[in-house]
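Next up: some structures, all given as structure tokens.
You will see subunit A twice below: alongside subunit B first, and alongside subunit C after that.
For the complex of A and B:
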């Protein structure tokens, strides 16, 4: 626990508040209300919450696109409005906000130019990312002709162009098929192992549970729960026991024993596979058979 | 190449590509040239006026279509970027808002200069083809029909075979066709006989168009400053008000109380569009002197700089 506290904070927010005002300057909506956040280096941090809970507003403040009404916010030790800090940040927004008349190749080259990349380094990086997000065959197609999932992949590629230290992802798996979704989650876990810090907003709770080390749950602009996923999911007086199915006699004896000890009869069920694992297995089998 | 220069060219290049791919840009430039060339024919037929109608209407059309194009381009490149959300990704990169704003202005300025170039060529044609004593230059009118064909057919073929932008190639073809017809008609008279090059063209129209081009660059700066918050119709409406107020700014100043401060203030706020409206001088048979153009250009640069500073101050704190 002490180690966790000593880890460097990449994002530090104290009393962060954002109030949207109307034309006359009167308060209209308090989108974020005095939240405190510490996102540490190398962790995958999830921001959860229903629509309108303030997740995207928080991300926009971290990017310097919105200015906090009050409170303090530091990103990688600098003000989020600093231009230089953006060289170390990658951002993938909720929607695929991309120039639809450009091809995948052109758009990545454009963003690479904004990072000041040039020459063979730029070409290598663009090629590697197009390969990584599985768009090699579509690199010369216009973004406007892409499916939502393909546009999300190119959105992810542009967020990783500069090999950022901090990656902000708003609904990264939205619109992706289960295999692509698994690939993205694996990629994010690999990036976290390399020491990258990742902040994700998502409604897909199972995805967040799979990859996040810590989460904060936002509700009406306030943090209503925060902590590691394990801490939040744990129910201290309940255990889950997984074992090879014993004989019926043994099972009955064990259940009787446990019932005498706890006062309630334990529930017995077969361990089920997830639909995701079945889908990935079947599609992979079909693909390998056809190739 | 330093990073900031690379960023600036990338942003400008993208904005230019975006603007030159807009069907509305092509239609406005084409409509302006068509109105410029064809209006004197209709007016002369109705009123029996001389060629100065061609000059007057050319300059009027350049202003009219110019403000629509400036307002549209500013909103297409800045307001739409804010609305569509593409600006979120751009500002998540290490791009300063000043650089972004200036790159957008440069792109709009390039589109306006292209428009002025086409308007200048169309105005030369209008002067050359306007009827004398109700007699039309039928050879010249036939040559005009070639322009849309040269503009559209190659662009359509390029689009069909290579899937490249139809609009960009149509604009390129249109400008080349326009210049070709100007050169051709500059060398022959209405009967098809060879004459000294340019002897039948009223070259005074070119500096007049350039002067209006400077005014359009000022209006483009105003449009860009408004476009971060306002939509296209509102921006164009405000530009029209600024244009007409600027044209009568001398008269408006006389209406003010006899206060130097008030008059100076209005001079600062309203662009002196009259300095860019040469129709009266041309109608009087005068040519525009280099000194007059240089004076107007200096005023235009100073005014544009001031407007861009104000526009950037508003854009710098814009939240997305």
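For the complex of A and C:
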């Protein structure tokens, strides 16, 4: 626990508040209301909450697009409005806010130019990312012709162009098929292992549960729960025991013993596979057979 | 790579994207097509004043005015939408999460629009050039008329005014003597008397009595090559309502060179052009022109040039193509200011509101001629003859605003190259530099500063 506290905070918010005002300057909506948030280096942090809970507003303040009404916010030790801090941030928005008339290759080159990248380093980086997100065959196609999943992939590639220390992802798996979704999740886990900090906003709770080390749940602009996924999911008076199926006699004896001790008969069930794992296995088998 | 290089790289990337965005926009493609059709179609439809020179002048005026209007619409539309539409569809959000300063974004967009204008103006210039030559070559006029049209129109000419009948020093010395002897009007000092004296002497030489003569001396700053003719623009005004023809002889005498006598017939109130052969002016440092009036009975006439000032001598000074290029560059400076205006509006307002505001300002700038006439005359209309000019308190308030607006729009009016090109006058490099200094260095810079400051404060939520 002490180790966790000592880890460097990449995003630190204290009493962060955002109030939107109307044309006359009167307060209209309190989108974020005094939240405290610590996102530490190397972790995958999930920001959860229903629509209108303040997730997007918080992300926009972290990106410096919106200015906090009150409270303090530091990103990588600097103000989020500082342009220099943006060299270390990668952002993938929920929708594909890309120039649809550019090809995948052109859009990555354009963003690479904005990072001041040039020469062989730029070419190598663009090629590597196109390969990594699986768009090698579609690199000369216009973004406007892409499926939603392909657009998400190129969105992810542009977020990783500058090899960022902090990656902000808004619904990263939305629109992806299960295999692509698994690949993205594996990629994010690999990035976290490299020491990258990842902040994810998503409604796909199963995905968040799979990859996030810590989460915060926002509701009406306030943090209503925060902590590690394990802590939040744990129910202290209930245990799950997984074991090789014993003989019926042994099982009955164990269940009787547990019933005498706890006063309730334990539930026995076979551990099933997830639909995702079955899908991935079957599609992979089919692909390898056809190739 | 150091910081300024990276900054330039970002600006260039944004400019390239803006240009590309504009080139593929359907609306702009349509406007571009209308521009090309108009530039080709107008010369084929215009008949002018039944002379070849007049037709060429009208073609140039109409096509340039048409191009300016179309390019202004293209510029404002692109500039207003360049930022506001990208904010609306959130493409700009992603760009601004990259290490891009907002002034870099503004400059990149502005440069992209200026580059688009430069391309369209180059196309405009090429089409105007081709259509002008086409009109000249396919005209059914005689070879002499075509040569005359080429001389009068397809050449850049520098305007020279005659030397003053009295120098400033001479006027001051005479004024000093008058003041000392007490013969000067009371309350006037020597400088004021000298100014009045020079004005009176200038006016006196415009009056030509029957059988009288007036003489003008022109110093040719650069000796003429002799290939092209000179043109003297003048107009005769009669002191009586009758419009009887006036017969006269022009004596043209080059310093240390040839002399020429030309008999002319002038009608009061109509503009006249005297063609002075290039061979007469060749190599001469100065030219003396004398107008000998032959009539004995006609009334005294007032000698004056077309613009109400002294008769102008237009001498060849450079090629028409180069002159047209400088004129188009001045138009580019004006469009650069308009793009700054549109971008600033687009940074602060939504696309439709920004377009409305920017077009309103453009209309105000287009009215600069009317604004100037109101501001200088102090009246919104010309009262009927004999009627007194009455002003309400509202008129006085609006007049004050017109005077303020005139201060802003006057340089735009002064730096309009179309009348100069139409009359075949030379657009000097100095005037071009003025256009850059005023329109880009001042107007665009101030608009950009305001736009960038406000855009820096804007939140993108």
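The criterion applied here is as follows: the second predicted complex is superposed on the first by the 291 of 291 C-alpha atoms of A that agree within 3 Å, B and C clash if a C-alpha of one lies under 4 Å from a C-alpha of the other, contacts with A are read in each partner's own complex, and residues count from 1 in each chain.
FYI, a contact is a pair of C-beta atoms (placed from the backbone, for glycine too) under 8 Å apart; a residue touches a chain by one contact, two chains touch by 3 or more.
This structure is a prediction, so every number in the text was calculated from the model and none was measured.
Engineer: Evaluate whether subunit B and subunit C can sit on subunit A together after superposition, giving fit or clash.
Structural biologist: After superposition on subunit A, subunit B vs subunit C: clash.
Engineer: Which partner does A:67 contact after superposing on A: first (subunit B), second (subunit C), both, neither?
Structural biologist: It touches subunit B and subunit C both.
Engineer: A:148 in the overlay: touching subunit B, subunit C, both, or neither? Say first, second, both or neither.
Structural biologist: Once the two structures are laid over each other on A, A:148 reaches no partner at all.
Engineer: State whether A:57 touches subunit B only (first), subunit C only (second), both chains, or neither.
Structural biologist: Once the two structures are laid over each other on A, A:57 reaches subunit C alone.
Engineer: Scan A:97 for contacts with subunit B and subunit C and give back first, second, both or neither.
Structural biologist: Both partners, subunit B and subunit C.
Engineer: What is the contact status of A:114 with respect to subunit B (first) and subunit C (second): first, second, both, or neither?
Structural biologist: Touch status of A:114: both partners.
Engineer: Identify which of the listed stretches of subunit C (113-121, 221-229 or 293-301) has C-alpha atoms clashing with subunit B after the superposition.
Structural biologist: In the superposed model, subunit C runs into subunit B at 113-121.
Engineer: Name the residues of subunit A shared by its contacts with subunit B and its contacts with subunit C.
Structural biologist: 60, 63-67, 83-84, 86-87, 89, 91, 93, 95, 97-99, 101-102, 110-111, 113-116, 118, 158
Engineer: Using the touch definition up top, name the residues of subunit A that touch subunit C in the complex.
Structural biologist: That would be residues 20, 57, 60, 63-67, 83-84, 86-87, 89, 91, 93, 95, 97-99, 101-102, 110-111, 113-116, 118, 158 of subunit A.
Engineer: Which residues of subunit B touch subunit A once you look at their complex with the stated criterion?
Structural biologist: The touching residues are 1, 3, 6-7, 9-11, 14, 17-18, 21, 84-96, 165, 317, 319-320.
Engineer: Spell out the residues on subunit C that touch subunit A in their complex, using ranges where they run on.
Structural biologist: Residues in contact with subunit A: 1, 5-6, 9-10, 12-14, 17, 20-21, 24, 89-91, 93-101, 459-461.
Engineer: What residues of subunit A sit close enough to touch subunit B in their complex?
Structural biologist: For subunit A paired with subunit B, touching residues are 60, 63-67, 83-84, 86-87, 89-91, 93, 95, 97-99, 101-102, 110-111, 113-116, 118, 155, 158, 162, 168.
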